[in-house]
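Alright, structures below, take your time with them.
The two complexes that follow have subunit A in common; it is paired with subunit B in the first and with subunit C in the second.
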Partner chain A sequence: MKSFRRYIDKIKPQFEKGGKFEKLHSSFNAFETFLFVPDTVTKSGSHIRDAMEMKRAMSVVVLATIPALLFGMWNVGFQHFLSIGQDAGLWTEFLFGFIQVLPIIVVSYVVGLGIEFAFAQFRGHEVNEGFLVTGMLIPLIVPPDTPLWMVAVATAFAVIIGKEVFGGTGMNILNPALTARAFLFFAYPQDMSGDKVWIADKADAFSGATPLGDALVGDPISASVSDMFFGFIPGSIGETSTLAILIGAAILLFTGIASWRIMLSVFVGGLLMGLIFNAWGMNGYMNVPAYTHLIMGGFAFGAVFMATDPVTATQTSRGKYIYGFLIGFLAVLVRVLNPAYPEGMMLAILFMNVFAPLIDHYIVQSNIKKRLKRLKTINIELK
Partner chain B sequence: MQDLVNIFVKSIFIDNMIFAYFLGMCSYLAVSKTVKTSAGLGIAVIFVLAITVPVDYLINKYLLSAGALTWISPQFADVDLTFLSFIMFIAIIASMVQLVEMVIEKFSSSLYNSLGIFLPLIAVNCAILGGSLFMQEREYESLAQATSFGLGSGVGWLLAIVGIAAIREKIRYSNVPAPLRGLGITFIITGLMGIAFMMFMGIKL
Partner chain C sequence: MSTEKVKREPLFSTKYRKLLTIPIGKNNPITVQVLGVCSALAVTVKLEPAFVMALSVVVVLTIANVLISLLRNGIPPRIRIIVQLVVIAALVILVDQVLKAFAYDVSKQLSVFVGLIITNCIIMGRLEAFAMANKPWDSFLDGLGNAAGYGVILIIVAFFRELLGSGTIWGIQVIPQGFYDFGYKDNGLMILPPMALIVVGVIIWVQRSRNKELIEEN
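Presenting the complex of A and B:
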């Protein structure tokens, strides 16, 4: 390690101003700060020192996705062998899923980081860490059978149109991972929905319907509640196991990266809408017990990893309750009422991303008004 | 009653003027810099749509559509004046806007001041004419339905413009690439918002 550090120090001047590779400065900087703790300090202004900087926060989020990822890999293999009627054992199943999922992760990272580096190089700013999380989330929310070129196109779309045109990490208005998913969903609908795509190399005779698919066409949900909670169901790679997602949620909440207000209110909103539909009870789907909405499909994954994205969510505390509640509410609403889409979580989050700045705006304005009023009454009392 | 609510909700979310038909884009893009002014414009649009669509409905029903003139005399039964609808609707809209402006100025100067230039401006807003033409095309059955549609379209338009205004306020200090600053990025945001609004497409009411 020491010799490596010495080597880095040796070649560093070439990348600085006036050096041979001056143009590649931001790429060099990205690699150096990724490998070592940077030694530069800010020189002016007042600063609050905290161990939690962006790179570490992003790493924690990636860490929190690991349980869902590992379980997802195993489940991909499990569903495959289930569909062809074999019992292959834990390791073979995991290995199958690993081989299936790893290329998607690699493609997502290579394409996304490639574009990030290119933009950083071209626009002369530093490479941001934001994509480390997005690159992990994209593989987790696509069906296991997604062709790699689609992953690449969607990632490119999300990173360029969803993020870089707004100025990069921290400036985007829509969650980039969900932008990629929405792009796939609307551009290649035949590869993103139906019964075929949720199980890798599925045998034809086997029904691959997800619980959401069952519910949408009005069939009784074939999976049991515990199967849906633990995740032994077909679905997108990382979304099936509510348990694994909750482990991730615990990590995020413990480290204080994700907002508990949003997470809680998303679940409350979804549950409440489910109960309203239960009371209404117009058709079979409305009678699905409200709590099943929380454990099937991408609801839990969206609530934990997508809705809590600090950039695209609301920034005010009161706004977070409203934002989260409406996400859960709309997600279940779209699931039940919109026959075109089996899953509503993705679009509900994107929709609320769009209106998050508006919610914030009105909450800030109301705070200002309230304080002005308070000031006025104080002034009157003083007189 | 239920059909009125359905038309209202449908015209806000599913058939949103901006994101489903991209009508009224010019003022939507030009006046969406701050939430406050865009909310003013949005309220003015609701106001005008809620007045012009029912008026145009009456005009269409009793003057323009095929056989509409029979209330004067049965011999007009085969007269069809639909080809006049564009000019009639536009004339109605322009005169209604003028009328509304005068009435507001007379009775509520504070509302008049807050709407300001927007009232005359939206006489040429395509969402307004679009509202009347959709009303004609979709053949709403009663005055109440037409009013509900006009009101809903206006509310949908307001929602769209305050939404994008808040986003534009938020990204004011973002490091957007120079060629995209201003209108370019606004177009991209509109497209992304359109993706989000596709959530409601396909809901049957």
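Presenting the complex of A and C:
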């Protein structure tokens, strides 16, 4: 490691002002800070530095997705061997899924980081770490048989139109990973229908209905509640196992990166809407027990990893309750009432992303008004 | 004996040329003034209807601009909007009838959007802002330039939407069958109106980053 550090130091002057590769400065900087702790010291004024900066926060989120990812890889293999009627054992199943899923992750990272680097280079910014999480989330929310070129196109669309157009990480209105998913959903609906996904080899393409698909056509849900909770069901790579997602949620909450207010209120909103439908009970889908909505499809994944994205969520504490509640509420509403969109979670989160600044605005305004009023009453009393 | 000769500007002096070219680029009605976006989203799924639409707008706007410019000194200011609308409506109905007679299929594809040229903000805007105060030749060039600026954007948007959304250009298959055999699929999002908005947005983005003076200060 030391010799590597020395090598970096040796080539560094070439990337600084006046050096041979001055233009590539931001790429070099990105690699250097990715590998080593930067040695720049604050020189003027006083700054309070927290150990938690963006790079570390992003790494923790990536870490939190690992249980869902590992489980997803195994589940891809498990579903494959299940559909061809074999019992292959844990490691063979995992290996099959690993080989299936790894290229998607690689493509997502290569395309996304490539574009990020190109933009940073072009604009003379520093490359920042925003894509590390997005690049991991995109593979987790696509079906395992998504063609790689589609993943590449969707990632490019999400990074350029979803993020760079607005000014890069931290400036985006919509969650980039969900933008990629929405792009795939609307552009290639046949591959991405949400109610049926591939679970077997391409040679004998066989689609298994997901629980969402069952519920949509009014069939009783074929998977048991425990299967849905532990995730032994077909579905997008990272979303099937509520348990694995909850482990991730625990990591995020323990480190304080994700907001518990949002997570909690998403689940409450979904549960409440489910109960309202239960009370209404017009058709089979409305009678689905409310709690199953929380473990079916991408609900839990969206609540834990997507809704809590600090950039696109609301910033005020009260706003977070409203934002989360409406996400859960709308997700179940879309699921049950709109047969064209079997998975309402994606649309609900994107929709509320758009409204987040508005919610914040009104909460800030009402605070200002309240304080002005308080000030007025104090003034009157003083007189 | 003293017949003062009025100096006439040549027909294509710099000033006149600018009237024609500025609306196509630097002051484009769609990308800079953001007018007429509604029809740009609606008719650009395929290249052919977009082209016909652009042509119709060129005809209507140019003739309307000249007519209003000729009438400008006789129009009472209080009822000028009504007079302008009568002129536009008459021209649009003519265009609609011609399309129905000679290009029935395209006319059917465009459906109400030919009739809706009447409400296209670009046309009312040019009549009110330019033709009411300028001579016929100026107005002719201004109308032609603005309509062309509108048409150019329409055609660019329609080109990309048709190519990526249906794999065709002007109805002719251009993406080879081999691509499809290999797993390529047409992008369904391109056919939906939101993508037209995004394509227009990308054009605005490209134009502004090439032409820095268009960027607003804030």
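Following the convention adopted for this analysis, the second predicted complex is superposed on the first by the 368 of 383 C-alpha atoms of A that agree within 3 Å, B and C clash if a C-alpha of one lies under 4 Å from a C-alpha of the other, contacts with A are read in each partner's own complex, and residues count from 1 in each chain.
Definition applied: a contact is a pair of C-beta atoms (placed from the backbone, for glycine too) under 8 Å apart; a residue touches a chain by one contact, two chains touch by 3 or more.
Here the structure is a predicted model, which means the values were calculated and not measured.
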I'd like to know which partner A:W149 touches here: subunit B for first, subunit C for second, both or neither. second
Check whether A:P339 is in contact with subunit B, with subunit C, with both or with neither, and answer first, second, both or neither. first
Please work out whether A:K12 is in contact with subunit B alone, subunit C alone, both, or neither, and reply first, second, both or neither. neither
First (subunit B), second (subunit C), both or neither touched by A:F186: both
See if subunit A has more residues touched by subunit B or by subunit C, and give me that chain. B
Return first, second, both or neither, reflecting whether A:V165 touches subunit B, subunit C, both chains, or no partner chain. both
Need the overlap of the two footprints on subunit A, from subunit B and from subunit C, as residue ranges. 161, 165, 186
Subunit B touches which residues of subunit A in the complex? 123, 125, 161-162, 164-168, 171, 173-174, 179, 182, 186, 330, 334, 337-341, 344, 347-348, 350-351, 353-355, 357-358, 360-361
Residue set of subunit C touching subunit A in the complex reads 183-185, 187-190, 192, 198, 201-202, 205
Which of the residues in subunit A end up touching subunit C in this complex? 147, 149-150, 153, 161, 165, 183, 186-191
Subunit B contacts subunit A in the complex at 35, 162-163, 165-167, 169-171, 174-177, 180, 185, 188-189, 191-193, 195-204
